[in-house]
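Input: structures, listed below.
One chain, chain A, appears in both complexes that follow, with chain B as partner in the first and chain C in the second.
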Partner chain A sequence: MTGRIFSIASNTFRETIRNKILYAIIAFAFFVIGMTFFLADLSVGDFARIIADIGLASIHVFGVIMAIFLGITLISNEVDRKTIYIILSKPVRRHEFIFGKAFGLSITLALTTLAMATVLFAIHMVYKLGGRPEPGIFVASIGIYMELILLTCLATFFSTFTTPVLSGIFTISLFVLGHLTGYFHSIAGQSKVAAVKWGGRALFYLLPNLEVFNWKNDVAYEQLPSASIFGLAVGYLFCYAACILAFSCFLFARKDFK
Partner chain B sequence: MNSSNNVLVIEGLTKSFPTDFWRKPVRVLEDLSFDVRENEIVGFLGPNGAGKTTTIKILNRLAFPDAGKVTLFGEDIYSGADFQRRIGFMPEQPYFYEYLTAVEFLRLCGQLCGMSLRDVDSRSEELLSRVGLNGVEGKAIRKYSKGMMQRLGLAQSMLHDPEFVILDEPMSGLDPLGRMEVRGIIRDLKAAGKTVFFSSHIISDVEALCDRVVMLDKGRKVAEGLVEDLIGADILYIELVVSPAPAPELLESAGILPGAGHAQGDLLVLRAPDSQEANRWMAVLLKEGFSVLSCVPMKKRLEDIYVERVAKTDVKAKVQ
Partner chain C sequence: MRIANTNFACVKKLIVWPLVLLLAALSGVLLSHIVDKRSFLDRQRLASMEASGAGNLMTGISLRPEFALGFRNAMADIVWLQAVQVAGNMKMTHGDYSRLYSLLDVATNFDPRFDVPYLLGGLILGESPDHGAEALRILDRGSAQFPDDWQYPFYKGYTLYFNIGDYAAAGEEMARASRLPGSSPYLPSLASRMLAEGNEPETAIRLLASIIEKETDDSRRLALERRMREVLVERDLQMLERAVEAYHKATGAKPLQLRDLVVAGILPVIPVEPNGGNYILEQGGGVRSDQVARRLHVLQKKR
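Showing the complex of A and B:
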């Protein structure tokens, strides 16, 4: 089973890595991250912190664009181009196909995130030729990467039953809501109306809490997340992604290909 | 139907596809039953929209039936048995990952089938040469013509040496030479002890290749049987080719009806209703100094059966 998942993943990696639009996004990301070098000079305050702050935000934004753009077409492209007919007629289970596709895209996102983080790290280090190395950039990028994996799983989930456009809208909506779940929790805690209390709590637990992976501010202020925060984020990602992929597999298992 | 040498048994297969949210689903297959026996070549004939591709998708678990049972190698296809290792499938107008080369694509297929890289490479080389793709195996698939894609589709369906090969329109998009090669491949598969089930619009190919035929129209089976049984032993007419074409007056004086023949260049092709008439016409024509180049008894062709059966269901549908 792992062999088949790996084969599908490596093919997905090959497919995404040959996508010209991906290179356009990466090139633009490099340009924006590079611009932080000049932007820092125009700012007042700790220049290195500004580089880390804006640079990590750029990695986050461009990573999300890549994850959503590639994720929403992950399954639908295979169905539209009918390549899935040949793959599923081999001894491949449908859940293996879903896992392989999501895993393949995760490898691509790992590489692109690493590339962007390395560029930012280099810029941060060479700033005014006396910059200091900031390993926190890589730590915050791991958090961003975990968020991208979760978004990939959500995009995969939506692409099993709807069009790429709708998948994109749903995933972007969840991305926005995912950074606001803390507000739902505090609204639920402060409200005296039972419906708001329960509704707020339900939304907090059901929607993905993407702030769990947000360590950008900590790194900008030269603090690293503790091992427990890191472990919690990994555990949360594992559980949430497993649930989403399980739902995706469930829906995909009974899908008719017309 | 459940004899031990059945590779495939389909019983009461029914399938509908939803259209719009508020409209009734469209019935694509209606109580379809037939079987495919070991080492047979079975042709699946039917007009566009008859339900051939849907049936083939159900066999490959790409679509799910509303009712009915499909048994492959004696086991229900939903029993969880890993029968896909024993099946080779080529979809209609196959599509591939365009960024891969034929060799890379076959490697992917081989890995998915659990083959070792060495086995995949040696088998790929053999198959690519068999389907006429040697020399272009390193080219990206996006540069392939429709016929080349069809050949690659055929190669991937045979890669893991399956016992049962299902081909959806294997001749479509191929030139006459390509069709001839595919016919040769299908015959070779049978000679190697494999079972082949293929759908086609090209009746002459089905007639030339198949042991048995299943005809489908509007989701219902309209005919099934051995090709020779369907065609029957009855002689429809006897065709005489006469050279040079005699004048109409001479034919009239010999008692040959004007509608009995048609000119073909310098020749005249006559259709005698039975052997007695054919003998009489030949005697007259030979006496008048004409040459009878050929005298062939004509049987029903599969195409006639197909047109007859499909037309019959059309009339039935109109009456209903």
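Showing the complex of A and C:
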């Protein structure tokens, strides 16, 4: 079973890494990250902070674009090209197909995130005013990458039952809501209306909490997440992504391709 | 036929190239007009936004940083860069200072740990005679965020002294700064001089000189040096006005020009305006600098 998942994953990786639009997004990301070098000059004091903050925000934004753009077309491309019939006619189970696809895209995103983080690390290191090697850039990028994996799983989930455009809209909505769950929790805590209280709490636990992976705001203060925070975030990602992929497999297993 | 063709080519050269140059020049002129018009419209739009409160959307978002979608620091940096552009204006207006305050407020809401906007922003806001309260508010927020940092009470004392003119409160803040770890040993004497000598320009110049000498941050030193020039101008204006009064008492007439004070032997020389401008004698006997729009009233003696 693992071998079949790996072969689908490696195929997906090869397919996504050859995507020309991916290169266009990466090129633009490098350009924006490179521009932080000049943007920092506009500041007064704390110059390197501008490079780290804006650079990490760029990695985040472009990573999300890549994850959503590639994630929503993972299944639909196979259906459109009718290659799904060939794959599923072989001894490949549907859940193996879903896991393989998500895993393959995760490898692509790992590579692109690493490339962007390395460029940012280099720019931060060589900057003339207060530049230094900042390992926090890589730690924050790991957090961003974890968020991208979750978004990939969500995009895969939506693409099992709806069109790419709707999958994109749903995933972007969950990206926005995923950063607002703390707000729902505080509303639930403050409200005296039982429905709002319980509804807010339900949303807090049901929606993906993407803020648990957000460590980029601490890089400027050289405050890396502790091992326990890092471990809890990995555990949360594993559990939530497994649930989403399980739902995706469930829906995909019921899909009729005849 | 050939001659006609050659003539036509010459005429073409004579007409086409000047025409191209003319069009290029015209496009440049039009562009500069568009830029002027648009910057005027932008200023009007900003003023109307400030008046209607519509520009407060960003403030609203910054008060609930969850809505920054995880980009709190990046948003704080972008707003801070905007604030730097506003503060970089050589001739800041009242509206510029108000806009600077709201930008500093937003930047520090997004990222309360960002220390530069509190200190530098507070210092620059304190340059405006009408924004002393806002400067103190920004410095107070910084002080609440970094209670052990001596620089916040220090710059509060500075603002209270030079902007508000509350020498007692300024001295108390300086004394508070002197009790915090890392503060300079010269602060206790600074505090006592502020309390004792109040609005003497010479005292202010000595205080500023010692502050500038110890300041390590280039941007803050620039702001302090600007203040130093204002204090020097105020000292000179007070001295010139006293000389005009002395001239009036001695001769029974007002001097026609400042040079008359030197000729009458009241002053050995007319002081040099520190901003590179000139001191001008006004009709009523008052003196002003052609480089400074508003005098530093906190250093004027109450009559």
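Couple of notes before you dig in:
Just so it is clear, the second predicted complex is superposed on the first by the 255 of 258 C-alpha atoms of A that agree within 3 Å, B and C clash if a C-alpha of one lies under 4 Å from a C-alpha of the other, contacts with A are read in each partner's own complex, and residues count from 1 in each chain.
Just so it is clear, a residue touches a chain if its C-beta (ideal position, glycine included) is under 8 Å from a C-beta of that chain, and two chains touch if they have at least 3 such contacts.
The model shown is predicted, which means the values in this text are computed figures rather than measured ones.
After superposition onto chain A, the modelled positions of chain B and chain C are compatible, with room for both. Applying the stated contact rule after C-alpha superposition, one finds that A:Ala57 touches chain C and leaves chain B untouched.
In the superposition on chain A, A:Leu42 contacts chain C only, with no contact to chain B. In the superposition on chain A, contact of A:Ile86 is made with chain B only, not with chain C.
When the two structures are aligned on the shared chain, A:Lys197 is found in touch with neither chain B nor chain C.
By the document's definition of touching, of the two partners only chain B reaches A:Asn11; chain C does not.
Of the two partner chains, chain C is the only one touched by A:Glu211; chain B is not. Put simply, chain B and chain C get as close as 37 Å, counting only Cα atoms, in the superposed view. Common to the chain B and chain C interfaces on chain A is no residue. Chain B meets chain A in the complex at residues 17, 57, 60-64, 82, 84-85, 87, 89, 91, 93-97, 99-100, 108-109, 111-114, 153, 156. Residue ranges on chain A touching chain B, taken from their complex, read 3-4, 7-8, 11, 14-15, 18, 81-83, 85-92, 254, 256-258. Remark: chain C residues 64, 66-67, 69-74, 76-78, 80-81, 84-85, 87, 111, 113-116, 120, 217, 219 touch chain A in the complex. Against chain C, in their complex, chain A makes its touches with residues 39, 42-46, 49-50, 53-54, 56-57, 60, 175-176, 179-180, 182-183, 210-211, 214, 216-217, 220-221.
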